[in-house]
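Pasting the structures here.
Shared chain: subunit A. Partners: subunit B in the first complex, subunit C in the second.
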Partner chain A sequence: MNAFLAHLRTAFRSNSAYRSDTVLGLLSTCLQVFISCAIWRMLYGGNRSIAGVSFSMVATNFVLAQGLGSAFVFNDFAVQRKLSDGSIATDMLRPVSFRLSLLATNLGNIIFALLTRFAPMVVIACLFIGIVPPASTGAILPFFLSAVLGFAVLWSISTVVQMTAFWIVNVWSVSTIKNVVVNVLSGAFLPLWFLPKGLTQVVRYTPFDCIYFIPIRIYLGETSGVELFHSWVKQLVWFIAIHSLATFLWHRGRTRVFIQGG
Partner chain B sequence: MFLYCVRHVGRSRFQYKIDACLRSLAVFLREATNVVVIGLTLVTFPDINGWKPSELMFMFSLLFSTYGILIVFSTGLRDFDATVRSGSFDRYLLRPRGLLFQIIASDADWFAAIGHGGLGVCLFLVSASAIGVPWRPATVAYYLAAMVGGVLIQGAIFLVFAALSLRFIKTESLREVAYWNVRKFAVYPISVFPKFIQGVLIYVVPFAFVNYFPAQFILRKQDMAQYPEWFMYITPIVGVSLLALAYLFWKGSLRQYQSSGS
Partner chain C sequence: MSRAYKEAFVDNTIIRVDRLRKTFKVSKRPRGFLGHVANLFFPMYETKTAVSGVSFEIKKGESVGLIGANGAGKSTAMKILSGILYPDSGSIEVAGFVPYRQRREYVANIGAVFGQKSQLSWDLPVIDSFDLLKHIYRVPDETYHSNLACFTELLDLSSFIHQPVRQLSLGQRMRADITAALLHSPQIVFFDEPTIGLDVVVKERIREFVCRLNRERGVTILFTTHDMQDIERTCKRLITIDQGAKLYDGTVDGIMDKYSRERKLVVEFTDECPIRARPDVTLEDLGGCKKAFLYDPGKVSTKDLIAEITAAHDVRDITVERAGIDSIVRRIYEGTIALS
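Up next is the complex of A and B:
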């Protein structure tokens, strides 16, 4: 446990060393959200609501999805780099679980980003863009739980991509495709309310709406009661499924490293 | 000398033929998804200030085709901040060839060129035939001149970022903010945006001259009435002048870098 926290703290601290990077990161996040909102305000024209979706809901979708997205950054190349420079051999000999140390490093970066990018951006958005407050005080805690589950799903997807490094020399193509699919199907740039009906059905059977869309719906109060419970279960099930795949790939990948006589 | 470098870069980039194909395809697909997202958005919002989807595609294609040509020459500029950080740039200073020559000849991201350029060509062919543009010799000549102008304008932007890399360590986030984020507005005709945003797109990061005004030259849409008519014709001139200004800024920054004793 101590080693886990140590990794986390190191990652967190190394972020705070670059001041200008931190400021630019916040600026970039704010600009991204601002641009999406500006474009959609233009698209809405004078209308308050289109197809039952108000502009404030769209703005809230961008603030939450792109804000969390700017914080939930994973290094898809972590395993690939350790394989190519050989440090994976020493890492696997350490008493700390290799995968847990990767997670700890990720969490350190993410907590830093949540504090320096997400939180300030939300405050700025509240002041300048009309976002919707939580549907009720009863929606806040369920939203947080759902956001954590959404993070878990995204983390497990990234882990699967990282594990492919054992078989593919360069994970860049897989990582790029993953990012593209997540960006489109998670609703971060095109709110899922506006997908054509057929595509919406397809997305419902994928893990991608678990990442941001389900938490956002809870926040907006669109989901409550039994449906709320179903949403959490769906997120949890996808997390377990993808995480199991990642674990499976990890074990198969490890044997490959040993066979090559590392 | 330049041709030697070109052949060398080409050989190293295409050494792994299948990998080269996959990478180009990955870039193409990644950018195509942006087009798909916008296409899906246009399903709900089919009329943007009098511009039909095919006309928007026609304007959009210029962004991709000019970037495809641009990146062949400015990959070195794009990655310049890494070159400075690693110290390789100081080696360039010692060589008997011009600095910009070395930077431009040092690398060419053919995968990005094929991906972006290919997408630009596809979009152009589909939209131009859907609109039924009457291609007269003068129209063709201007379209080509405007493409060159667009390449020069963006080249000037990249050169300015490269010059800034001499003073600031990491300009990648700045480029993300000031180029890629602003470019998102250029997908839509600038007339739909508030005056402030129009100002940025015309006078600060002149994407309007890369695709909006050249498209207006050919399409002559109603919303052109709010701008001086000669804006439609001057893209090549804007390109040359901006590149000249950027070059002066580059020279100035270089003098400062060298005199500070590196």
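Up next is the complex of A and C:
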């Protein structure tokens, strides 16, 4: 087993150390999705569809976006915490890439969350809310590929936020701003079909719809053919661009490493 | 293979530090509410020098103690040596590597134990962290198992190796951390205050272990501590630094021979009485009716001194002590011993 997988496994095991946290995590994910769906059911007020968007499409949007969102949790404070308690010292002592070990730890957490939150939540939502099945069996694979790319984009954005800790020490405000922007513009809070037309045009030129909305549209069969290919390219380009920025910040930040507390 | 590596190999020098400097920017805040507000708009910084131009060389297989008062720059030096921090200037080379520049290749060759930090996974059993390190360092199965068996025995880990780290005592955690730093058989090990906060029994066990590591495996050791017994037991050479600069660099025996010739005569008088100073004797007030006389037995005869004191005063008790490394080091910090 290589070091990456070993890191991932360690994170996975650390997660399973607290059983009640696991159960409560599933509960909070379900509550979040059910509340969002309940609000939108009320807004629909018995209409089958509004502006060509059916309620079950909206429900599917929430189940997928918030379900994945509850699993795709990056700890924006990872680097800040390591700097403030000095544990970055022990990370730097290991002959592995610092950022890859962070990613491996994150993936361990995410796989754990996918298994204990996302998967059971989807089952529960299918039983009680009813979501739209994938447009076609052919849409499943493109959806997964797109979801992975969306994940990569979100990871690189979070890495940029984490790296700012080398300069501003407390990344809370940057992280909060990022979360608001990501939540609103990625389709996690408000399905992007309902954004004002002008804003939709703007969002198309940002990396945010790459995260959840593009994969969801693929799932619903709204994207196909050349457009599908364009979606992937867009996700990939944004990932490379943001990741390069994160790499640049890391190399600059590395020389500024400080160890607090003895 | 670099030229530097070959050179290091030929003359056996494994650590070479030359005029190393490291400064930190510390925010300096005026006092009071207005001061804090002003600081938001016009932040002021102060530059603190942690290490100022330290140079030394260490040969393969040496065991060296690095001591200094709190804030003297020991830990900063250790962290530059172990590739964590970037120095401001000066050169540093360990085992043919420049630690901060070639971090990933370099750290595979060293081990480091920081008494104040743990590299174990908090929520997992100790053995799981060891297993992670095995994969990180790509330790062959055979080496891993023989090392683990050896350290488990020497450091007596068997009773808690399957317990989560968060449930260990400090002494247990430290022994586990030492094992974690050594599983990949590093040839150079940095111990930064590994005995801090530990009881005498655990301390002794760690000292014995470090000695054997140096003696039997030929591991080069650099050790920082505030406990001088650690130094006496584990190190042959001593480097003291103060305010980021080197004060003394020589053998532990050398400094003992040079300064522990001095004797300390502790006298408890029956009542408080003025004592006249005497040439070649330093007087120290120990509180109450106790006084200490420090002198060199080559210049002042112990017998004469006692005779003189007992003739002039009523004495309840008298003891003669030899100065330990503790008091020598204290006086180096205080600047009352001039080091050449």
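One rule holds for everything that comes next: the second predicted complex is superposed on the first by the 253 of 262 C-alpha atoms of A that agree within 3 Å, B and C clash if a C-alpha of one lies under 4 Å from a C-alpha of the other, contacts with A are read in each partner's own complex, and residues count from 1 in each chain.
One rule holds in what follows: a residue touches a chain if its C-beta (ideal position, glycine included) is under 8 Å from a C-beta of that chain, and two chains touch if they have at least 3 such contacts.
Predicted, not measured: the structure shown is a model, and the values here were computed from it.
Using the contact criterion defined above for the overlaid structures, shared-chain residue A:S14 touches subunit C, although it does not reach subunit B. When both complexes are overlaid on chain A, the residue A:T255 reaches subunit C alone and has no touch with subunit B. When the two structures are aligned on the shared chain, A:V96 is found in touch with subunit C, with no touch to subunit B. Shared-chain residue A:G198: touches no atom of subunit B or subunit C. By the touch criterion defined above, A:G225 reaches neither subunit B nor subunit C.
In the superposed pair of complexes, A:G25 makes contact with subunit B only, with no contact to subunit C. Legend: residue contacts after superposition of the two complexes on their common chain; A:G52 is shown touching neither subunit B nor subunit C. Once the two complexes are overlaid on chain A, the subunit A residues touched by subunit B in the first and by subunit C in the second are 18.
Chain contact summary for the complex, subunit B toward subunit A: residues 19, 22-23, 26-27, 29-30, 33, 36-37, 40-41, 43-45, 48, 168, 170, 173-174, 176-177, 181, 184-185, 188, 192-194, 197.
Every residue of subunit A that touches subunit B in the complex is listed here, in rising order: 18, 20-21, 24-25, 27-28, 31-32, 35, 38-39, 42-43, 50-51, 170, 172-173, 176-177, 179-180, 183-184, 189-190, 194-196, 199.
Touching subunit C in their complex are the following residues of subunit A: 1-3, 5-7, 9-10, 13-14, 17-18, 86-90, 92-97, 254-255, 257-259, 261-262. On the side of subunit C, the complex with subunit A involves touching residues 24, 75, 79, 82-86, 103-108, 110, 112, 114, 116-119, 121-124, 128-129, 131-138, 164, 193.
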